[in-house]
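Look for chain A in each of the two complexes below; its partner is chain B in the first and chain C in the second.
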Partner chain A sequence: MLITAVIVSLIVFEYFFDVPAATTVSENVQRWAVVVMAFTLGLGAINLFQIHGAKVLRKDKEWYLSVWLLFIMVLTIVFGIVSGPFEDSFRFLYEDVFMHLGGTATALQGFFILSAAYRTFRARNLDAAFLIGAGILMCFYQAPFGVLIWKGFDVIGSWLFTVAVSSAFRGIIIGSAIGAMAVGVRIVLGREKGLAGG
Partner chain B sequence: MILQSGKMIGFLMLLTTVSFILYHIYRAEKGNPANIRKLAALEAIDELIGRAAEMGRPVHVTPGASAINHPSEAPQTFAGISVVNYIASSCAELNLPIIVTVGQAAVYPIVEEIVRTAYANEDNIFEPDYVRFIADAYSIAVQGILEREKPAANIMVGGFYNESVRFAEAGARAGALQVAGTARTYQIPFFVAACDYSLIGEEIFVAGAYISGDPVLIGSIAGQDLGKFLSIILILINGILTALGINWLHQLLGR
Partner chain C sequence: MSLLKKLMEIDNRILYLLMFVAIIVPMLKPIGLPIPISQYTAEVYNKIEDLDSGSYVIYSMELGISSWPWAGEHFVLTLEHLLSRNLKVICVSFSASGPYLLEKVIQNLKTTEKVYGVDYVNLGFVSGGEAGMSSFARDANTLFTTDFGGTPIEELSILESFTGANDVSLFLGFTGGTPGADEYIRQFQAPYEIPVAIGWCSSGTIPSIAPYIESRQILGAVVDMKGCAEYELLRGKPGPFIAGMDSQSLVYVLVLSVLILGNIGFFAEKRSEKNV
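Then we have the complex of A and B:
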């Protein structure tokens, strides 16, 4: 915790005060942090081998999926080390396979939002009724045909978006910023026991 | 020492808020703890864990996918880790399996150590499977875990991106009771709409202190609220003065 307190104080000092020595030290510390985090990737990979390797050895349910995961992981690591991250073979795995799979998963978003809306939007009380009303208005505002039905949707939706929503977001951001300050103080003082365990 | 341009007010606000927090911590240490209102979402965590114990199903908790080295995201991750610590301790006490999914490599060793210590403290076995590092496939993998392993409780506190609604829906389909919270403004509405209990914005930063019940930590929450009141007063006064065409406060706050 003492190390944390010293490093945090240095970084905060460097942010507010223009002292070249502090800037140099702060930049070096941040570079070390990047190196340390790179090592944690290795730890994460070991965890994946442990968990999925154990599933394969025990022949747990759907163990063949763990075999596939380990195979792809090893393949990606080998390609990355042998040919480098900018070569076609590695880029094929990442850009042509992984990113498209990620995009597919993200494409499910719309269906999940619809499902959540169907499940949640019941006018049980006044607050819920306002929520549904605002949601319907925003749907008409965002959809291209909304303005064709009634020009008022554009006016109301625009006001809701630029005034009501923005002010609420800014209030949340200010509160969150102060909350983050409090977390920082607790960590520096060694009071945030959650991070040290126990 | 030269204060950088445009950061004077920020520095003064930081000093003032930190002073408020330290003052309330001091008061709590002297036996004058602060009273804060109840947060339903945090009160419900114990209920969720008890439900999982009765049903014999695991508890899923995740501190989010945010990086630990990003200035605006790291505090959310730390808040999530504090919640993971409390839930791990509670699950260890009941010898209940826990599933902690981690999306960032740097967070994994911290969380793994916390959960391992929690189970060791109760002389219960820690399975490596309890903490799962999932790299870039975090969002789809957590959905899969929720659908396959059907936890009875799903607690998500931290920084989340667009996966928030997918997690909330997958948890609901699995029959889990859910507590979720984030300070990422665009994801808050999804959690509020789709989860049973939600924490909005700054409430996630008090989670660790609140659920610990430590009066000294709760004092820091009161100090944080004083900093917020100061901000509100400055915004109101500045707004009124600016509307009247008096701009000196606006210019001062920009220094």
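Then we have the complex of A and C:
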């Protein structure tokens, strides 16, 4: 916790004050962060092995999916390391399998949305009615046919985006930034016990 | 069974078939609906057009390979646009899944007169999240010894006069959320005053980006298929996205129709329950 507090203070100090010594130290610390974060990718892989390996050993519910996950992960790592990312074996896994599965999963969402629009999007109360109304307006705004029907859809859609959505999200951004600052101050003061696993 | 009840109990398979038809038919026989150019897309395009020849542009890809079927052709079109303006393009990724997609984009370039290592380069993944971004912006060359393919950076002439964010005229990010607009602004736009634009994002991401566009911290954004179609129009190179817009229109009509149908049935049912 002390290390975190010192590093946070240093980075903040360096951002606001032009002190060459602090700049040099801050640059080095940030470079260390790049290296440390690279290691966390490996740590993530080990963590996956631990969690899913234990799931398989315990024969938990749907344990065979964990076997499949670990198998594909090992296969990808082996192909990536042995043949390199530009060889056919790795390309097959990444481009011919993973890429198309990802694309298919995304495309399937359209079918689910259609089904949901038919079966579950109901104007049960005023909030739901507003949500549906805004959704319909955005459909008319996003698709070319909306402007063809009535030019006003473009005006209303733009207003929703630039005024209604922007102002709502601006509030969220400002609120979360203040929250982040408060957490930062708590870390520096050593009051954020969760950081040390407490 | 009444007609209304029948309309309320359409099988999912029929809905999916209708969806399939709505997507396929306009692709086989385009309707040619007009596509108005939005301000968001125009800003990105115009900024690239306004850059001086030889300027450095960061082409930052935070998306993974699964977004290739979604917008791959647009990524290529944008890179070709940058190269056609004789800009020096530094391709980089602050997300581990990005470099491979960058490699695919580069492989699909149709332009042949531009040379890898001279006009553009793929530096690969910079780890470290925002700390990595900050280090890259400050002094990029200290982070790399080779490019993504393993070529030593000393052999890449494009990097000879490139040190970091201070040399860059435009930061063009392709993002699905995080890292994205917030990080670009904190690490590039605010400290170095580099113009930042979003080369592509999904329509689900745009609400979190829109406030920054309104405040001019981000110049503009190419949003989803609509933005890609607009970009194709601006480039004068009609492609799959313009073709896809007719399908999108028809799909929206279908979604709206079933939405209205479902709600008519809901209220009719409620009314009949009240009468009983």
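Assume the second predicted complex is superposed on the first by the 123 of 198 C-alpha atoms of A that agree within 3 Å, B and C clash if a C-alpha of one lies under 4 Å from a C-alpha of the other, contacts with A are read in each partner's own complex, and residues count from 1 in each chain.
Keep in mind that, in the parts below, a contact is a pair of C-beta atoms (placed from the backbone, for glycine too) under 8 Å apart; a residue touches a chain by one contact, two chains touch by 3 or more.
Predicted model only: the values in this text are computed from it and were never measured.
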| item | value |
| --- | --- |
| Chain B versus chain C as contact partner of A:191, first or second or both or neither | first |
| Partner chain in contact with A:139 - chain B first, chain C second, else both or neither | second |
| First, second, both or neither for A:148, with chain B first and chain C second | second |
| First, second, both or neither for A:19, with chain B first and chain C second | first |
| Partner chain(s) touched by A:180 [first = chain B, second = chain C, both, neither] | first |
| Partner chain(s) touched by A:102 [first = chain B, second = chain C, both, neither] | both |
| Touched partner set for A:162, first chain B, second chain C, both or neither | second |
| First (chain B), second (chain C), both or neither touched by A:86 | second |
| Which of chain B and chain C A:122 touches, first, second, both or neither | second |
| Chain B and chain C footprints on chain A, overlapping residues | 33-34, 36-37, 41, 98, 101-102, 105-106, 113, 115, 117, 119, 121, 169, 173 |
| In the complex with chain A, residue positions of chain C that touch it | 10, 12, 15-16, 18-19, 33-36, 64-70, 96, 100, 103-104, 126-129, 131-132, 134-135, 138-139, 142-143, 149, 182, 203, 206-208, 210-211, 214, 226, 245-246, 248-249, 251-256, 258-259, 261-263, 266-267 |
| List of chain A residues in touch with chain B within their complex | 12, 15-19, 33-34, 36-37, 40-41, 43-44, 47-48, 50-51, 54, 98, 101-102, 105-106, 108-109, 112-113, 115-117, 119-121, 131, 169, 172-176, 178-187, 189, 191-195, 197-198 |
| Of all residues in chain B, those that touch chain A in their complex | 1-4, 7, 10-11, 14, 17-18, 21-22, 25, 68-69, 72, 75-76, 78-79, 81-86, 89, 102, 105-106, 108-110, 112-114, 117-118, 121, 128-129, 131-133, 135-137, 139-140, 143, 162, 165-166, 168-169, 172, 183, 185, 188, 190, 193-194, 200-206, 208-209, 212, 214, 216-217, 220-221, 223-224, 227-228, 231 |
| Chain C-touching residues of chain A, taken from the complex the two chains share | 27, 30-31, 33-38, 41, 85-86, 94-95, 98-103, 105-107, 110-111, 113-115, 117-119, 121-124, 132, 135-136, 139-140, 142-148, 154, 161-162, 165-170, 173 |
